[in-house]
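Following: one structure in structure tokens, then a few remarks.
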């Protein structure tokens, strides 16, 4: 069947002589002139961030890159052990754990705050409602998550402490349980204050984690532990029907 | 069975009060002070790069982030269409195409040069051998890949034009086929000149592509085309046994 | 730290001389004596199915195995094109599209019926409520999904037409919109009538699809189309900011 | 651009009234009449297998379905722990470990034998060459892999003990190291004797493993251990730069 097809994109295009990205000349205008974090922001938001926005954004990515032997890091290492020729498979396996439980709080918190703001709710109302608040409380850092004050400080320094961070801070201040703010949740509020779409917040957590997983895989290449983990589990297996 | 277990890592560790990454205090020493590309380098190389190294490294990541509607970008969009609740699955599906054919030349070129250097081979010897040289030639940019001179220029500006880039340049200069250097291959040579392990070069291409795929997924959220691609294929399906 | 570890499992264990699966001797009791579909049922349900149950179960797997050029099939082929050395990556990429939109109706329908039955709701009540009913209606088979009467017939022949199928049939009979039952939804009801856990119904759809994806990948090896799909999209790309 | 597109397939096609698979009417001719293993064979080989071929083929799938707490099983469980809403992600993560090291021997052995037969090599020649022979030797079953004699026996009963199995048996008989045949390797030889393409042998191992991984995920839903594995690793982490 003869047909007219058209697939629009504002990202990359190329022809024999040039490569274009985001409407810019990739080689002449971007390489060596734009940072990698800056480009990641630009690719999603379709606008170039200011230097202050880049600083907050990269602080978030740095905060979320690696947390040691998380289930995702272990899954990536075990997959590398099994299929060492396919580093893309090990990275993908690690990222697939970026779901609701371990990497989800960043997006959950940003979405929660965005919809609370859209509904005109106050910190007092939310804190008093008894509902579960994503970003409040942390399983390990029960008194204070060290990332929280630092990220809030950076946002204030850059003039980017906006309504999402303010509402989250407000909720923590008046909440009866006196729980600390979870750093990963604060990251979600900070990203939302940068105007990034809340549907993509988990995506940024995944990008940050991709860097951490590369570190895990590189360390596994040089000082492997995945086989020890596997053997530890296997030799303590007990048959129970 | 009672046993002594020990899993060493030089990456992230944490306790109730602090989070440590690469032996640094994550909140006090890294957030807001280290860029995201810089951290990715550090996580893999286990050493902090100089500012010149960061510039070359981020230029490579920028060069490789997105090339429009590649098979990996299309696969990520189709997966997002099918499973919109699992952005990690769409990202992983896109990265899984980061194999030998489309994203492989960066690592292939770096490995080839590293082993040629280890064997003490010269550009003339390699160019005259008739063997296939990863990084020489490009399916689209048949005269000149615009990324090539820019990346080589940045490496020279930063004093990081080392033996891998020099050998690759030398091969192109004397090769009888007068083929252009592939920009993605030049990226591999530049990363190898930064002292990064050649076993991880594909990993950096994947990290770069993760940012590009986020852009593709965000665009798919806002101006979708995956359903059109699917319908184009489906309505032109023809049964042939 | 010395510690006691214990990881219980009712699945596979082995030692130097024997391999055990589900408490059976794999080589002596299972190989050549148990079908593959039968084993898949047993692995999840932890009980051996009757021959009638196997027939219904395998009918469902056959019904869901392949539907031609779905987004998942196209994603698998594109991933194979990009990374032909990692067939596991192409298969995984295809399965990652097994989410809420294209492969989800099987589980959604089974879950919906299970919770309606638990709540003691009737077909009349559900059909009259105006709520969306997973499994009712199909985007292509607007009059009748040919799988529906066949699967219901098989379940009746085997004496396995139970409360989930009965409720779904009842809803369709009294629903004001006179929509046909979606075959993939009926599959979910049939699996639920076999006593399989509703949390795993999507898993069976994925297993079925794994076989279909192998067919797609094998066909891609022998008569490739992924590059044509890619080129079709790429050459019709239009830059729109 | 107006263009003629044509995407041929011998697998699934459908229209408003019918669904066709492999040129058969899915509902009328396949559901309830063809087993799931039989269909998987047919989808890849594009021919319907005989009942003897189905028995050998399903014996192989049963032999490879699950081996307890392999790295792939652990990776799938950890991914399920992290992202319980995306069962497709947990399954995909598990399959991504199906690479060269743990699931690769089936394909490696089949390929090795096929190319040895094509080259007209004898068992004596191969056994005496000193080269590594995929399928000979097993890390756990050092004397005898219990799957080996059973699978060879089934192939003989069904008249499907062909040149690949015969050559592998011959190699083991004359090899100076007196190593046992690895059951997973024997599976590859048996699949090759069924005329299945050697490029797809890893694919069948992955299909078998998909069933095993569903069992692992279902068990993780009902009696979880992934969090214990994670905590075991995490609490024994030791910082070493």
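Each chain carries a letter (A, B, C and D) given by its place in the written order, and its residues are counted from 1.
By definition in this document, contacts are C-beta pairs under 8 Å (C-beta built on N, C-alpha and C of every residue); 3 or more make two chains touch, one makes a residue touch a chain.
It should be emphasised that the depicted structure is a prediction, and the values quoted were computed from it without experimental measurement.
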| item | value |
| --- | --- |
| Self-contact between copies chain A and chain B, residue sets same or different by half | same |
| Chain pair with more C-beta contacts, A-C versus A-D | A-D |
| Separation of mean Cα positions, chain B and chain A [Å, integer] | 20 |
| Whole-Å separation of chain centres (CA-atom averages), chain A against chain D | 36 |
| Distance between the centres, which are taken as Cα means, of chain C and chain A, whole angstrom | 31 |
| Where chain A touches two or more other chains, by residue | 1, 3, 5, 7-10, 13, 68-69, 83, 85-86, 88-89, 92-93, 96-99, 103, 223, 229, 232-233, 236-237, 240 |
| Touching residues on chain A, where the partner in the complex is chain B | 1, 3, 5, 7-19, 21, 25-28, 30-32, 34-37, 39-40, 43-44, 55, 58-59, 61-63, 65-69, 86-89, 91-93, 95-99, 103, 140-144, 146-147, 149-151, 154, 183, 197, 199-200, 202-204, 206-208, 210-212, 214-219, 221-223, 225, 228-229, 232, 235-236 |
| Residue ranges of chain C in contact with chain B within the complex | 1-5, 68-72, 74-75, 78-79, 81-86, 89-90, 92-93, 96-103, 223, 226, 229-230, 232-234, 237, 240 |
| Residues of chain A defined as touching chain C within the complex | 5-10, 13, 20, 23, 46, 83, 85-86, 88-89, 92, 96, 232-233, 236-241 |
